[in-house]
Amino acid sequence: MTREELSAFLDREFPQIHFGGRTYHVEEVGPLRVRLRMDYHDRHLRPGGTLSGPSMMGLADLALYAAILAHIGPVALAVTTSLNFNFLRKPEQRALIAECRLLKLGKRLAVGEVAMASEGSEEIVCHATGTYSIPERG
Amino acid sequence: MTREELSAFLDREFPQIHFGGRTYHVEEVGPLRVRLRMDYHDRHLRPGGTLSGPSMMGLADLALYAAILAHIGPVALAVTTSLNFNFLRKPEQRALIAECRLLKLGKRLAVGEVAMASEGSEEIVCHATGTYSIPERG
Amino acid sequence: MTREELSAFLDREFPQIHFGGRTYHVEEVGPLRVRLRMDYHDRHLRPGGTLSGPSMMGLADLALYAAILAHIGPVALAVTTSLNFNFLRKPEQRALIAECRLLKLGKRLAVGEVAMASEGSEEIVCHATGTYSIPERG
Amino acid sequence: MTREELSAFLDREFPQIHFGGRTYHVEEVGPLRVRLRMDYHDRHLRPGGTLSGPSMMGLADLALYAAILAHIGPVALAVTTSLNFNFLRKPEQRALIAECRLLKLGKRLAVGEVAMASEGSEEIVCHATGTYSIPERG
């Protein structure tokens, strides 16, 4: 799937990720990787203006899901089986960029990692790995 | 902290967890444990009426945070350093109950686990473990 | 499988876990759970007499594997797909007891947790969760 | 610390990692990273000649520990607080190379990731992330 096809699919099938205003954007799709952007937005914040843990976890899950979808197509729905997060630094008060890379894309399981950094920064604020179960295709 | 004190503290310091309507409730506080409830609500859903992964991850993070807070008091703010999730089954279309237990409450680190099940069910739908850094108290 | 059948199977198929002397023992097999014991032994130690991290990780992996095997039988070989560990306290200078509980035993994936404590103690020194892929049975 | 200093320190302080024959080698030390090599050796094997899970977990723990040590020096002893592993593919019947990168080196916590591949291959067989607590230095 191209970036446009992937975006259109997510919009159509997961409208609720845009609940409260569109903040997630697919920026790039490449071989075994995608880049997503999460806008800095009220609903992702904790007091003091920092991005909340759950908003970063949601971004990681979406990035991994999008990366798998981009490579196996919109037919089969992958299901998250496990996710691991390390929170490294306080994010800046701006958009967050998620670079996602698939480490394995098997017939039954896909595994990937996501590194998140504030836009324009190299410092990773949150690192995630996740495993997804891919349903059998009839 | 009692259940009432803990609820009041969370309401005051983290009003944004109630953004879109109050869905999180502290149900019980005991020695090294708390129980939280997340109402079944539109903003936690994925298509088909199932609870989203991020909503369960947010519940686990809140439960661990609340358990630590209930035991060290509202002075020091714990910071999430890592979280691990296993998603085991599709949750039912009703409230989710999170049973949280602290496995360690040290001076610098607290570690706990959370088992989440649909209200009235014994089957765990999501299991989480988390580590929190506790700032030095001057 | 009973405790005796399980022990005999592990001895026969995984003789190398006893390399350097038998230190692992299946102590009990129950519904969705097993208890294993790891003797305090030179080859599991770090300087100062503490049990090494890898020796505890090996015990957790064996306990989870044994629990799955006890319930699905010796035909299908489960494969570890992910493991997560939290190290909570320094273990005592004696045997380590691993209590393993399966949280899910599906057709394709099994998930379980392991709590390890020094023999005679209630304090958890290491907590693990693991996911195993179960091959299709023809 | 240089590669030679790091190797000498590990040899002196952790002789038991060489129990049964030297199989671990520090190959390279760079800014926030190290590369280790684990020889293919009987004591790391499972039936069929595949490298065991625990041997890969021990390699990851050692690589992370060595990377931290190389950067903070041999004074303070870091303690593993959590480790997460994803097992992606069966390793080949040869040496395993572990590329370790520190994602954060704070005053109290260090976090890093390790990608392991069979020597001469690009395919990651095991991916790990770990968190280490760094004692206060008086």
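For reference, chains read A, B, C and D in written order, and residue numbers begin at 1 within each chain.
Basically, contacts are C-beta pairs under 8 Å (C-beta built on N, C-alpha and C of every residue); 3 or more make two chains touch, one makes a residue touch a chain.
The chain list, named the UniProt way, goes like this: A, B, C, D = PaaI family thioesterase.
Everything numeric in this text was worked out from a predicted model, so none of it was measured.
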item	value
Chain of greatest Cα-centre distance to subunit C (PaaI family thioesterase)	A
Centre-of-Cα separation between subunit D (PaaI family thioesterase) and subunit A (PaaI family thioesterase), whole angstrom	28
Inter-chain centre distance, subunit C (PaaI family thioesterase) versus subunit D (PaaI family thioesterase) - centres from mean C-alpha coordinates, in Å	22
Separation of mean Cα positions, subunit C (PaaI family thioesterase) and subunit A (PaaI family thioesterase) [Å, integer]	34
In subunit A (PaaI family thioesterase), residues with contacts to at least two other chains	81-82, 84, 86, 131
Arrangement of touching chains [line / ring / star / complete / other]	complete
Touch list for subunit D (PaaI family thioesterase) against partner subunit A (PaaI family thioesterase), complex	84, 86, 88-89, 103-104, 111, 113, 124, 127, 129, 131
Of all residues in subunit A (PaaI family thioesterase), those that touch subunit B (PaaI family thioesterase) in their complex	13-14, 16, 19-20, 42-43, 45-47, 52-54, 57-58, 61, 79-87
Residues of subunit B (PaaI family thioesterase) that touch subunit D (PaaI family thioesterase) when the two form their complex	81-82, 84, 108-109, 131, 133
